[in-house]
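One chain, chain A, appears in both complexes that follow, with chain B as partner in the first and chain C in the second.
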Partner chain A sequence: MVILQAIIDGILVGGFYALMACGLTLVFGVMEIVNFAQGILVVLGAYLSYALYSHLRVDPFLSLLITIPGMFLVGIAVYWTMIKPIGQDRVIMSLLTMFAVGTIIEGILDLVFTSNLVQTSTSYENSSLRVGPLIFPYVYLYAFAMSAVLLGGLYLLLYRTRFGRSLRAAMQNTTAARLVGINTDWVSAFTLGIGVGLAAAGGMVFGLTNSFDAASSYDLISRLLAIVIFGGFGSLGGALIASIVMLVIEDVVAVVWSPTWGQTTFYIVLIIILLLRPQGLMGRRAVRAQ
Partner chain B sequence: MKVDRQAGVRRRRRTLGMWAAGAAALALAAGCSSSSPSSSAASKSSAPITIGVSVSLSGDFSGDGLATKQGYETWAAFQNAHGGILGRQIRLDFLSDGSSPTQVVTNYQKLITVDHVNFVLGPYSTLLTKPSSVIANRYGYVMLEGIGGGPSVFQQGLHNVFDVSASAKYQLITFAKWLAATHKPEDVAYASMTDPFLQPMLDGARAYLTAHGFKSVVYKLYPLETTDYTPIASAIAASKAPVVVLGTMPPDGYAFIQDFIQDKYNPQILIEASGPDQGAAFVKAVGAKNTGGIMVPNTWFPGSTYYQNAQMVSLYLKMFGGTANNISADVAEAFSAGQVLTQAVDHIGNTSNAALETYLHSGATFQSVQGPVQFASDGENQAATPFVFQWQNGTLQDVLPPGVAHPVPVMAVKPAWGAGG
Partner chain C sequence: MTATEVTPVGAAAPEHIPYELPRPARWGGTGLLLAVLVLFPLVFPNPAVTSIGVFTMIYLTAACGWNIFSGYSGYISIGHAAYYGIGQYTVALLAMHLKVPAGWDTFGLLPAAGLVSAVAAVPIGFLLLRVRKHTFIVLTIAVMFILQLLAFNLTSWTNGSGGLELPIATWQGSFFNEPFYYVGLVAAVAACAVSWWVRRSKYGLGLLSIRDDEDRARGLGIRATRTKLTAYAISAFFVGVAGGLYGPFVGSVYPQFGFDPNFDLAVAVLVFVGGIGTLAGPVIGTLLLIPLQQYFYLQFGNANLYLIAYGVLFVIILRLLPAGIAPSIIRMWRWFLLNRRRAAAAAAAGAGAPGPAAVVAAEAKQVKP
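Moving on, here comes the complex of A and B:
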């Protein structure tokens, strides 16, 4: 039963990790840049939700109505001011640029919020649903449901809208997309905006379930990168599956064996998968087939 | 001939002048040399005594790092208002290490070799104290510290490191002795971060309790970078152990309590190494109605009557605000290190680190806000007596050991979650 509880916990937590990882992999798929600032953008989302709740008593889930659009605009602004000017040699330069963006954001957050650990503490954070011997914390159930809605919305956006067709075209071949008249700059800007907006949602849940400060981003970005590599760069489905697999492996190993080996076991699995499928679970070849 | 004699006189005058200038330059150079480990005992300088410290103002230790800095600042302000050390004002030179063992080494090297501080005081945590003490030793500096008591610090074979607080393996002994003396052997669940200070704390208590018949039903160690404690908490909850001993830092300490509440698991006795001692931050994280009965070891509390404690509390509140109960023990630990430095330097009468080290090893007893301090040969404080505190009715009370200070009775069973108490 302890193992089953660990699997359930892994799936619930994996849900909101999928949000953060999907934002990261989407940006890579369209723009071929690794958004090293994704971790700190998640923490920024956490701080925004925390501030809205602490000062204005806006429920964290409702705060997404403010933070997602706001950070969407931040993503667009970052693209036009930082990424677009890089021009053709953007793969290497974008790594440094986004790292710099992350460092700047971290410094600002440290200045505004100091290095004291904070957490968004709501009335329902400690409540849970008991089904037999199994426990389902409400905050994780709500987060999983929210993740499902947002990822479902993202799917509809990508596969049922004109913008989605443009985005997928840019993911397949940016030059060809330009040739058929797609404004790839705006597609890229909107994609980065969506990625950052998803970070806001993931950050809200992160802030509800963890004590955090600006430095929490370092652990986050390393885990998100591992998830994206495991799932395959540019694959949303891969990011979703990889998130859940990673968290389930960690949690099951933690209870069966030792928490010290939880992450290590995941990375061992990651290496084995990459040896067999270098592009990840649903990597680039699968993306081109979409 | 007359001309030759005048030329000779001029040559002799130039020669003498050159020798005089050279001697003056040498004297000037000697006078300008920094007051490093070999500073003259007879120096009557009125220049400030500079003390270098690396503090964790960001990273995993940022909460405690800030409290550590405040402790040193409080001590410096107090001591400067009372004439400083050797009649000289104290100037603290802080560098931030980001909770990084690599950065802390760089910091102390800079403080010693570039800034040429007179003394150094220790950083936060065993993880950072261990490499720092090596650097200090390399340059002949004493490392007086109050927050780095893991066994690995004292196993390095260095003679320059001195911990004014109780070392790690003894921090939970008072609790373990109380449990063994008042309870029949029962199941105990343990979990700890793999930290060089926290794990020895837990293992020290576990060894004592196991030797007294208490069965270890869960023993989980997790790395520093763990963010999801749910599976560990679930495993402890599934064991239904009535006693839970956790080697935690504040973020995981709060997370475990939240997970226990979600799992509807209420241990009868719960003690955490760190977290419940963070005052308002702890209450805010877990909820005021969930604090009752939770225990935490500590080497200090605001109401203690130990040396200069009342003045420290008063000055800290004046400088940083808040309430006495919200003062972190890190403040007292840092303040204590400063107190011992003051007493020792005043005794030796100079800023020589070599003389300081000799005196600290002499068996002399010092007084601090944490009680008496006397160093064993390996630098541990062999006179330390750790306390145990327990949240009762919204206040962190000293409960153990009985008979020291003014303890209140221990709440033998923790109230249910949400019941207050």
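Moving on, here comes the complex of A and C:
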């Protein structure tokens, strides 16, 4: 029963990790850039929701109506100012650029919010739904529902709209997409906006369920990158499965063995998987050259 | 595999212009730099200044070491803090269990720190080098975090988050930094010498050909895995030595400062700014950025503004000099040579040849970054 509870916890938490990881993998799929700042952007989202709640008493879930569009614009601005001017050697240069952007954001967050740990605490923070011996904290249930809605929306956007078709075309082959008249610059800018917007949503939940400061971003980004690699770069389904698998493994190991070994176990599973399938669960195999 | 791969000859250029500064400038510059570095603590004995010097030497060793693998093979590792941490823990644990007295004796443990790192790098590298490009980058970070978590969790060995104390050297006040500085300088010079040797050797050519096109290099008979793995172990050695120097200098070892994600990126940044895959790049990048970073750190207090200033500076450098400082200098020098030759040719035979801008542009296209 303890293990069942751990599995349920893992699935619920995995839901919102999937949001953040999808943002990362989508951006990579379209632009071939590794958004190393995703960790600190999640923390930025967490701080925004925290500030809106503690100063204006806006419910964290409602605050998404403000933070997601705001962060979307941040993403677009970052694309035009930072990513677009990069010419050659995009993977590496973008990684370094996004690291620099992350450093700047980290410095600003430290300056504004100091380095004390904070947590968004709501009225329903400690209440939970009990089904027999199993416990479902409301925060996680709401977060899971929100993640499902947002991921569903993302699915509709990608597979049922004209923009989604352009985005998938850019993902398959940027040059060919440009040849058939798709403005790949705007598609890329919107994609980065969506990725950063998803980071805002994930960050809100992160701030609700963890105490955090700007330095939490390192732990976050290493987990997110691991999830994205595990699922296969550029694969949304892979990111979804990988997030849930990772969190379930972590929670189960934490229960049956010791909480300190949960994350280590996940990384070890990651390495074993990659030895068998270097492209990750659902990634495309790299073709020639490095 | 011919020697032309090291200094590609511009086919578009009617005359060959070397991709290096002239020999007197190279050797003279190296000698001058070495003299300045040797005399530096004697001229500025202020402990605050020499401590910046020590950090610079530690990072110089690490950056040169990192460049031997990531610069020459094209596999970017941002997990080399793994070996920085291993080096620190090796020195701390050996000093503790062998009861090595503080002071000069701890420097005797540096080769051990390097060797343990290099030995650890062989199985890790064997696993990691099966994947390429961004997957490799991310896996190196993952390995670094695994080791950090192990350092946190193997409490009986590493004392977990409590960290390990190292015996503090008993050197008096103002003299405290100098031994670290000079040992660091020796380590850095050794790292640069190995880097130089690799760059000039047949082994290094194999490594560079892997960077340019790994599958073709394999086809030409390079034993790619072995070549990459050796370079990985060599670079781990020097990063381990840097860690072994850092531990005794600050007097303690903690998982989050030993296996430090900031270190990973700092080293990559230094080399990128200086010019990745070049001999002088890591040296220029480190000598420029680490003193600046330490100055910002001292100037702006413990965080915040320092991070912002550093980040902004980094963005500016990436934007202005995407190829790095060393390649930009070389490019300017070639531009100058070409202009001079054109002027001489024009004076001798009148105009008619394509302009220097066109030739440099045509050559630049052929050079892989």
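Simple rule for what comes next: the second predicted complex is superposed on the first by the 283 of 290 C-alpha atoms of A that agree within 3 Å, B and C clash if a C-alpha of one lies under 4 Å from a C-alpha of the other, contacts with A are read in each partner's own complex, and residues count from 1 in each chain.
Criterion: a contact is a pair of C-beta atoms (placed from the backbone, for glycine too) under 8 Å apart; a residue touches a chain by one contact, two chains touch by 3 or more.
In this text the structure is predicted, and so the values were computed from the model without any measurement.
Enquirer: Do chain B and chain C fit side by side on chain A in the superposed arrangement, or is it a clash?
Expert: clash
Enquirer: In the superposed arrangement, does A:2 touch chain B (first), chain C (second), both or neither?
Expert: Touch status of A:2: first partner only.
Enquirer: Taking the superposition on A as described, I'd like to know which of chain B and chain C A:104 touches: first, second, both or neither.
Expert: second
Enquirer: Look at A:180 in the shared chain and tell me whether it touches chain B only, chain C only, both, or neither; answer first, second, both or neither.
Expert: It touches nothing on chain B or chain C.
Enquirer: According to the stated criteria, A:225 is in contact with first (chain B), second (chain C), both, or neither; which is it?
Expert: The answer is second: A:225 touches chain C but not chain B.
Enquirer: Could you tell me if A:56 is touching chain B, chain C, both of them or neither one (first, second, both, neither)?
Expert: Touch status of A:56: no partner.
Enquirer: Is A:131 contacted by the first partner chain B, the second partner chain C, both or neither?
Expert: Neither: A:131 stays clear of chain B and chain C.
Enquirer: After the superposition on A, what does A:96 contact: first (chain B), second (chain C), both or neither?
Expert: Only chain C; A:96 stays clear of chain B.
Enquirer: Tell me the contact category for A:263 with respect to chain B and chain C: first, second, both or neither.
Expert: both
Enquirer: In the superposed arrangement, which partner chain does A:210 touch: chain B (first), chain C (second), both, or neither?
Expert: Once the two structures are laid over each other on A, A:210 reaches chain B alone.
Enquirer: Which region of chain B runs into chain C, 6-14, 78-86, 132-140 or 204-212, after the two models are superposed?
Expert: Once both complexes are placed on chain A, chain B clashes with chain C in 132-140.
Enquirer: Across the two complexes, what residues of chain A are contacted by chain B and by chain C?
Expert: 110, 115, 260, 263
Enquirer: Considering the complex alone, what residue numbers of chain C touch chain A?
Expert: 74-76, 78, 127, 130-135, 137-139, 141-143, 145-146, 149-150, 152-153, 211, 213-215, 261, 265, 268-269, 272, 303-312, 314-315, 318-319, 322, 369
Enquirer: Inside the complex, what are the residues of chain B that reach chain A?
Expert: 57-60, 62-63, 65-66, 98-99, 194, 220-223, 225-228, 230-232, 234-235, 238, 250-251, 254-255, 258, 261-264, 281, 284-285, 287, 290, 417
Enquirer: Residue numbers of chain A touching chain C in their complex, please.
Expert: Contacts found on chain A: 28, 34, 82, 85-89, 91-93, 95-97, 99-104, 106-108, 110-111, 115, 218, 222, 225-226, 228-229, 233, 260-261, 263-264, 267-268, 270-271, 274-275, 278-280, 286, 288-290.
Enquirer: Write out the stretch or stretches of chain A touching chain B in their complex.
Expert: The contact residues of chain A facing chain B are 1-2, 5-6, 9-10, 13, 110, 114-117, 119, 121, 125-128, 130, 135, 137, 210-216, 219-220, 247, 250-252, 254-255, 258-260, 262-263.
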